[in-house]
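Here come two complexes built around chain A, the first alongside chain B, the second alongside chain C.
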Partner chain A sequence: MEYSTSLALLAPEILVSVSGLVLLLVAAWSGDKSARFISIAAAVVLGGAFALVAPSVCTGAAGPDTVAFGGQFRADAFAGLAKLMIFAASGAALVVAPRFFGRAGAMRAEFPILVLFAALGMSIMVSAADLITLYIGLELNSLSAYVLAAILRDDERSAEAGLKYFVLGGLASGILLFGMSLTYGFAGTTNFGGIAIAVADGLSTGQLFGLTFVLAGLAFKISAAPFHMWTPDVYEGAPTPVTMFFASAPKVAAIALLARVSLEAFGSQSLAWQQIVIFAALLSIVIGALGAIGQQNVKRLLAYSSINNVGFILIGLATGTLAGASAMMVYLAIYVVMTIGSFVAVLLMRDGNGDQVESISDLAGLSTTRPALAWCLMALMFSLAGIPPLFGFWGKFVVFQAAVEADLIALAAIGIAASVIGAFYYIKIVKVMFFDEAVNTVTGKSDTPHWVLLAICALLISPLGYLLIGPLGNLADMAAASLAVAF
Partner chain B sequence: MTVFAFYLFAALMIASGALTIFARNPVHSVLWLILAFFNAAGLMVIVGAEFLAMLLVVVYVGAVAVLFLFVVMMLNIDFAEMRAGFMKNAPLGVAIAVILLAELVLGVGAYRAGALDLGTPDGSAAPLVGESNIESLGALLYGNYLFLFESAGIILLVAMIGAIVLTHRAPTNPRGHQNIAKQNARNPKEATNNVSPEVGKGVEL
Partner chain C sequence: MGGFPILSVMLAVPLVGAIACLFLDAKPARMVALAATLINLALGVVLWANYDIGGAQWQFTEYSELFDGFAYALGIDGIALMLIMLSVFLMPICIGASWEAITKRVGEYMAAFLLMEVLMIGVFAAQDIFLFYIFFEAGLIPMYLIIGVWGGQNRIYAAYKFFLYTLLGSVLMLIAMLWMVNAAGTTYIPYLMEYDFPVEAQTWLWLAFFASFAVKMPMWPVHTWLPDAHVQAPTAGSVILAGVLLKLGGYGFIRFSLPMFPDASADFGWLVWGLSMVAVVVTSLIALVQADMKKLIAYSSVAHMAIVTVGLFAFNVQGLEGAMMVMLGHGLVSGALFLCVGIIYDRLHTREISRYGGLAINMPAYAVLFMLFTMAAVGLPGTSNFVGEFLALAGIYQANSWVAFVCTTGIILGAAYMLYLYRRIIFGEQKNADAAAMPDLTIREYLLLGPIAAAVLWMGIYPESFLAPMRADIEVLDARLAAAAPEGDAQLSIGEGAPTEEEHAEGGAH
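Up next is the complex of A and B:
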């Protein structure tokens, strides 16, 4: 095996891990004083990794040239596109975090380093072409995430979120490992290509069990119903920049991984996993829509919104076609932008003392007191609801189009009906902001980096975003095509 | 010679296993357990699994058994009280043992009869390198699986960072909060002040 070619394919991961180690040494010697510097350096590193990945995405890298370490790792266009979203979302988390933690007096130098290692784990996940690579990437990401959730260790809610996430995440990892060992036992290999050969002429009972448990473990990681119970509690308790991180990057990674396992390893047996994915998709859409209705806390509401969105993304996967995979990537890209925008807007909601405001009732009359914030939030909510002039509509459109083309008309119809239910609570927030008596709670000063990020997100989801349809669609098509080479 | 060594290790292992259960003193139990581990390692060497033997000594004796010992010595567990419930729970224990035995027999039987299809090797795996299994494992871990092995190292590093981030607190000044410069800078006029509180109001410090 040629190590040099393998290592060259791993360049972004090597960059992230080596700089993570160097920054860890800086953190160890200069302590929390250097937290701001390390955040900036980590964001620069993620930008560098982004630049390293971009060429392979633009050229649509695929085929045997993208396989490293004898089939354990695959740096194709599909992985590349997911990595671009992951690095961008992690970078956004690093941009908003220092001010938030600085106000709480708890900015730790280890925070950006953990984000870097989480990003490293996610980029290993999306490149996995072997069950062992999958698990190592997933654990690297999860372990960093557990610590990030509890990083405000003096805050009860943060500690509770970290513990809950850890215990339930450990359980999910166990289920996943159980499925993986069954798959290995009955397929005789952990390599996706090998599994595809082993299952080519029908699934044995053992393989079916393995597949089911692997899907269940991964469904926990993307918080798809019926494995979504942890999401509202963890999202509410974790510090808001961390919640923003959880809702964006790890979702991209786990969904890309799910697509790889289903389409690459079990691609020939799509009937077996399609039922599971369709079930999870419909349940997520309905639970996400109904669960959000009674929520009083914005972060809990956004947690249910993310469960709801995962359902729509899974519809793209459920088609089992390349068009579906491409639609899924388009939806994911738009979803990441909308999620980051919404959480940045939540971060901008602070009362006179600089404390975060999280209750929906405190948003009343925001349009008169903070018109710019209210209009941005309105655009984001309408976009999440999928109302046409905004870019969020396009994501739903391509996903449903792929479902209809794959003859899953009933699935598409139920999805559209449920998205109407979902629109109710998004529009309720807009109603509270624009038509209720002003309570004037949100009076705190705003931070420039937050505003810049919010403006970028608002611009991307505004009708101007439609200019991106061509390039984004192209990239997603090439990414999906690179999956096809593998199976 | 090998047969003699086998029976020696096996007999010693069973004996120390039994003594682990029957020893009155829990610390002695752990020590008997360590002896059992050593004998098991000897058995592994006899069948040619020297890596497993070393792992057993390093991991189980070096880490797990010592951990047990610490737990037994630090937590003041009342073993007499725990033993009192032994007869009450004995039927349950026997039932579990019978179930496990039945599962073992069934599993081995099914495998022998060829009823279990555990997949067939297609020769795509790397051939074994070297003579000893330590060399083979090393060649695999640092060759084929180098990438995964190093990534697993980063996972352990993250676990360590996490443990330190969540539990380590910067040590406070061990000599209390004495500030000599501040004490020297005090002057008598500021050191005391006269207050005349209203009745029932108390003094604000």
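Up next is the complex of A and C:
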């Protein structure tokens, strides 16, 4: 394969990395006063990358034409769809951040650049077709993320979040590397296609260990139980725009990566990893639901909610079918919208001094004091709980449909029954906002960009979202199909 | 009706009204809500007038592949028509009942009610199984808000209980639906009603649907959410809960469980009969000792719904027709009884029975109307409930005479608790001065109770108007069930008859 073709396939990544470097230089010389310009420039760059990726998603790019650098990198429709979500979520983080940090006087020029590099890492992750590429992408993303979590240097909680994330993330990377080296040792290759051939006639014990450690490492990145412990602390401590970023884009990337490793590299041995994924899925649903019940802080609650949602996404993967992969992508797309919406709503919760309000009890009576915010948040909560006619229901619907079609009825029945536990804490927030007496804490002024973003999210998860089922399902089907024609 | 999409319009009118109400002040919101519900009532009358009895099974059908994965398919048969009529008939009355009782957050309240109406009509009109599920499940959101925001003292507990109970019931049904659609390859309800699912699968599917509908119905022992929800909900909330929402369970049985899984329905007949028998006796006895009027009527609803379930699972035409008539009659009567309670609650702000007494003296008109509805609840001939209860019990008698025997005691117990309630409130001493000073019905209250009284009498005296549209559909269902129907223990056959007179005379000569 010619270098020019490979480089052309990498165009979005090249765009993001070159502009990231240029913007870094700009930031280095002009300091924090250029933060605003850099934010806008970074958003434009992400938009450009989005536009570069979009055609491959719409045409369902698949097959050998999408392989770059001798099978290390794949720019197919599956990666493309994940990249679209990643770039959109990163863009949303850039939109909400300046106002948030600006109020604290801590808007730093590094922020948009770190987001850009994290997005770059994630986009490499989802395109990885080789364990080495996978690791490069993962670490590029993680290192940027550690710094992002600690970006509020004066805030103890932020620093604590960054440190926790770093230590536990490093541990997870170690586990992942160990799994990768075992896989390499027993399969003789780091390439997904090569691994698929090596394991085609059954897994050896060494390969099984390798697979298990790789899955454990990735489960940490998507905060699936039982590797979820870091999530609530990091989500609570990190600045809210950063939390929003963590809860959306890296989840997409890591889940897409997990799907590719499972379905491509170990696709022929689905029985081996299916039980691991099923275990993680059900445990995540239950722990995510039970853990959230006692929470007093909205961000911690949303952290458990994200664990809970990852459980449902993993049900799609657990089917081991293309329909399951497609359902997973649909769920992810809806999940990203719901997450961004919820965190933007959290960002809009400010008291009279403009300080962030994060306690659930401060939301009491929000429906009388700030009706628009309360109604949007209510729609988001019911949507996260998966109650129709809100769009969140559709995500659960497709995932369970895939599970039923794959004859995993027991998994589907247990999963959906456990979702009722989760509904409890979502409706608790609605209860606090609508049934309780107003405390009138949330009085701060709101910013227009936040409102616009919240309105877009609310509109997408409203029943109007159902009109998107067709196109979204189509894209997800094409993306999943591109996994099938891997090699 | 040509190509006029009347069902979609009936969904759109309250939806637009609901959105408008959200942005309006109290006064205009009330007017908009009343206007929207009255328009829908008028549309409902048009719908009924144009329903072709004896025509196609599914009428007013609309079909659009608006969504991928399921279709926007609407259409009604006679059963759905009658339940839609019940909904659109009760809705303006609910709005009227809340006219003065609701003073805070009126716009949101009216919006929630109009949304409720959209969803109820949608449930009855949906012809796509997933569309049905969406409407069915979405009803939780407005009802949760209605109970939680405008309810009584213990409203939050009641709202949680209502929401989680019914959600847990429904989610398993979703899995069953997914399985059915996967097996049958269609989401279109009329096709699914004719599809023969494997018998062993039917068992599981039936149980999953039963989990949902039994909670909605509600059947003993999963009825406990109902008294809480009723007591805490505002008057109009109770009316809509008893009048229409409880009918969703019965509708589910008649639309899904029976035609789609006839064999499993027959196999589980004993379960339904057993639970219904317990429900009739136990909840009637519980109703007898209630000190709270609303709770009493709530428990009586559970007992009445048990008559519906035995009628449905009698597997014959009388039983099915009776079940439908009880649903319609109970919708009207229990709605009216909750209104009656609401009327005196608005004056004295207590639902405690012992606080009232001798209201016949200061509220004679109220006493007369309350008497009519009490008698209807008891099942007096000439009122709506008599027709339904008689048919349902006649139906179950053919299937199992013991079940019929136990369930008939429900009528006696029903008379006991209703007449006891009536005596304590309307007759006797005027114990409290404030209760004795309550004014009689206002014009608004006449307008609320009058139409229901007329409908109750109409249904009791000439039930043919209501039975005629449903007859063909119930016969189709009966034919579907015929193969699976269990053999009754009371197979009546005409005996030899008495000997003729000559033989008699001969015999006498010996």
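Quick notes on this structure:
To be clear about the criterion, the second predicted complex is superposed on the first by the 485 of 487 C-alpha atoms of A that agree within 3 Å, B and C clash if a C-alpha of one lies under 4 Å from a C-alpha of the other, contacts with A are read in each partner's own complex, and residues count from 1 in each chain.
As a working rule, contacts are C-beta pairs under 8 Å (C-beta built on N, C-alpha and C of every residue); 3 or more make two chains touch, one makes a residue touch a chain.
These numbers come from a predicted model, not from an experiment.
Using the contact criterion defined above for the overlaid structures, shared-chain residue A:Ser419 touches chain C, although it does not reach chain B.
By the touch criterion defined above, A:Ile136 lies against chain B but remains apart from chain C after alignment on the C-alpha atoms of chain A.
Judged by the touch definition given at the top, the superposed model places A:Leu467 against chain C, while chain B stays out of reach. Contacts of A:Arg157 after superposition on the shared chain: neither chain B nor chain C is touched.
When the two complexes are overlaid on their common chain A, residue A:Thr189 makes contact with chain B while staying clear of chain C.
Of the two partner chains, chain C is the only one touched by A:Phe393; chain B is not. In the superposition on chain A, A:Lys33 makes contact with neither chain B nor chain C. Common to the chain B and chain C interfaces on chain A is no residue. Residue ranges of chain C in contact with chain A, taken from their complex: 22, 66-69, 105, 108, 130, 133-135, 137-138, 140-141, 144-145, 148-149, 155-156, 159-160, 163-164, 167-168, 171-172, 174-175, 178-179, 182. Put simply, chain B touches chain A in their complex at residues 117-122, 124, 143-148, 151-152, 154-155, 157-159, 161-162, 164-166.
Contact residues of chain A toward chain B in the complex are 1, 6, 10, 17, 20-21, 24, 68-70, 72-73, 108, 110, 113-114, 117, 120, 124, 132-133, 136-137, 139-140, 143-144, 146-147, 150-151, 153, 162, 185-189, 194, 198, 204, 206.
Taken together, the chain A residues at the contact with chain C in this complex read 367-368, 375, 382, 387-389, 393, 397-398, 400-401, 404-405, 409, 412-413, 416-417, 419-420, 423-424, 427, 430-431, 434-435, 466-467, 469-470, 473-474.
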